[in-house]
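Right after this note come the structures.
Below are two complexes that have chain A in common, paired first with chain B and then with chain C.
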Partner chain A sequence: MKSSQSLPKPHLRAGLIAVAAFGGILAGPLGHSDTATVTQTLNAQLAATGKVSVPVSISLTATGAAFSPYTGSLTVNYRVRSTTTGIGGSITVQSTAEFAPSGGPTVASGVLAYTCSGATLGTGCSGTAAMSLVSATNVLTIPASACTGGGGSCSSANPNTVTTNFSLVDDPTYKTGSYSASITFTISST
Partner chain B sequence: MRIKNSITATILRNLMASALLALLGTGSLFAAFNTTGTTTVSVTVANEAAIQIDTPTTNLTTTGAIFNDYTGTTNLTYKIRTSQGTGSGSVTLQVTSDFAPGGGPSVATPPSGGDALSYTCTVSAPASACSGSQTSATSAATPVATFGADARSAKAGNSGTVNWNLTNDPVYQTGSYSGTVTFTISST
Partner chain C sequence: MKERLTGFILLMAIWLGLSIEGRAATRIHSPAATPLTITFSANDPDNPTVAGNSAATITFTTTSGSNTNAWQVQVQATSANFASCPNALPVSKVTVTCVSATVGNGGTAACSAPSALSTTLRTVASGLEGSGGGNTSYSVTLSFTFTDSWGYIATPSGAPCTIGLNYVITAN
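After this line comes the complex of A and B, so read on.
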């Protein structure tokens, strides 16, 4: 009699046993640490890439003697990564909208030209190039294994920059007024 | 033991992935960067004018009958753009240095009444030539050509000439005499 009254009912006994067991695991004897090490390998495939940023607008202005060319400069910001086995990359520019309204300069007549200077990664265009509506023209040549920022084997500058210096013929045949055209820079990398 | 390992592995994996994404995604903080960038190129074309004297020294000579007047021609090239609507322009000349040395002709104080350095003008469009014979002066500019609104020369410029006539007064002492004429072009 006494023995049956001293023991709890079976389901309660099982629960108590489970709690006790769990408590035993959590508490454990003082000073014992239970650690496990899991390792996982992370792979990142960094592909060639490039991005540019340019000012929204640039105004060409007349300086010097009458009918001297209109001039202005624009800084192209860029970040680029090219592979070690690829052929590098480039930044090109193309006029995507002719000067408007009519009566003034036209890109199609070849009067808008540019030079390149001060590239902090890669090589700027050589000599003077005429802006074109029909094809992209070179601004910057990016070598293989190029990378922006961080120094060491990469450039110290971040972003990199190259300056394009524009010159527009001041032809007396232009009517007075304001004229605008659009040009688009494109970066590519392999 | 197995449950703890699974939880730890998941947490570690997520932390590493977040860190990697943060590193790779750094460029996206500069919203303006993209594979292309477009700029608007603008220019304001204003009125302008320029003139070039193609005859650095104009020699006045006399031919024909005795005491025929001295004559000569000065050639010039002008470039001009006047404003649309209400623009205008002009070419003028002024004797800025009278004949020297003294004893010969003079624009400012001719030795005889009626002595004068006068001229006629010939210009190509869009210029309009001065009218008839003009008498040059040291005290004021005199007309050579005028331009209207939206007057635009060729890219290389347009031509003009000034045909001079200097009275051959017997009072002049023999010798060589030189003066300076300054041409001015303007545009609005």
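After this line comes the complex of A and C, so read on.
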């Protein structure tokens, strides 16, 4: 005599399947990934600063007429950035050594002078200034909020330039010969 | 036949539920990023690469991790430009480099390639979780460099440009 164990009735089987499947879904991927966020701050302090460069030397040459001044121009290259709250900055020049050898012109007598032109950032010196051995004299005034290159709020030129035009009196009392003096350009920014 | 199929479906559903329910979820604990602030002191645009004054260290632990589950640390800037700058300073001028990444309890850790910061999430380190019921420790060390330029207006002393970073830690 054969005997067989009967399975649950169809409606009960469907219910068991639904419960098992639902339990599997509930225990599924939900909640298996955890995240956390932490924060940090970056600060950038951009110092006001400037760099200046000039040719190693220039020669002042006679312009033609006898005892007319010797002249020559020098291009000053500079890059600068200044703060919004400072007083800007400047480029100055000062003679650091008298003309040598002796017997010719002297810086101390005020015969070496200059003018400024063509500044691409800031304002060049106005009028004619005498070179000095004892104090720096102005070549360029740099404004606040200055920056070099890129345009927009900065200059488009990079580097910036200003031209200094030198003039040296040719006095007939000077002995014939070559004379040289040293000058130093200094840039500052705040 | 119908009964056999029904039984098979029933068994598969029960097995699936048990296999998933039997593994506890990975949980992240004690996430931290130090120091609070990293500063770039940019003094000479002719030497434009400026390192931050400190490395950043991201640490956290996990429980109930698995050596087959992945983890990662991502970073994003809170805006495209530094704030409080006199003129625009893009956050993309900062490069983040993963220096080291470590994980315990049999997990793995690898640094991602250096990348520029962005408002988009960037993965800096990733790997497989450490396993076991106890705490697994993770540590990621990052360095930052800023590219300076003469094209940035200087900032007054004590009033730097500033930007926030979010580190998102994920453990699967």
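Definition applied: the second predicted complex is superposed on the first by the 148 of 190 C-alpha atoms of A that agree within 3 Å, B and C clash if a C-alpha of one lies under 4 Å from a C-alpha of the other, contacts with A are read in each partner's own complex, and residues count from 1 in each chain.
The rule is short, and it goes like this: a residue touches a chain if its C-beta (ideal position, glycine included) is under 8 Å from a C-beta of that chain, and two chains touch if they have at least 3 such contacts.
From a predicted model like this one, the values you see are computed outputs, not experimental measurements.
Residue contacts after overlaying the shared chain place A:T120 against neither chain B nor chain C.
Applying the stated contact rule after C-alpha superposition, one finds that A:Y174 touches chain B and leaves chain C untouched. With both structures placed on the common chain, the touch criterion links A:S57 to chain B but leaves chain C unconnected. Of the two partner chains, both chain B and chain C are touched by A:A44. In the superposition on chain A, contact is made by A:C154 with chain C only, not with chain B.
Once the two complexes are overlaid on the shared chain, A:A146 sits against chain C while remaining clear of chain B.
In the superposition on chain A, contact is made by A:L112 with chain B only, not with chain C.
Shared-chain residue A:R81: touches chain C; no touch with chain B. In the superposition on chain A, A:N138 contacts neither chain B nor chain C. Counting contacts by the rule stated earlier, residues 34, 36, 38, 40, 42, 44, 51, 79 of chain A appear in both its interface with chain B and its interface with chain C. Across the interface of their complex, chain A is touched by residues 3, 6-7, 9-10, 13-14, 16-18, 20-21, 23, 25-28, 31-33, 35-46, 52, 56, 58, 60, 62, 82, 85-87, 89, 94, 144, 146, 148-157, 160-172 of chain C.
On the side of chain A, the complex with chain B involves touching residues 34, 36, 38, 40, 42, 44, 50-62, 65-67, 70, 72, 74, 76-77, 79, 96, 99, 104-105, 112, 159, 166, 168, 170-188. By the touch criterion stated above, chain B contacts chain A in their complex at residues 1, 4-5, 8-9, 12-13, 16-17, 20, 24, 27, 30, 32-50, 79-84, 87, 150, 152-155, 157. Residues of chain A that touch chain C in their complex: 7, 13, 16-17, 20-21, 23-29, 31-49, 51, 79-86, 145-150, 152-154, 158, 189.
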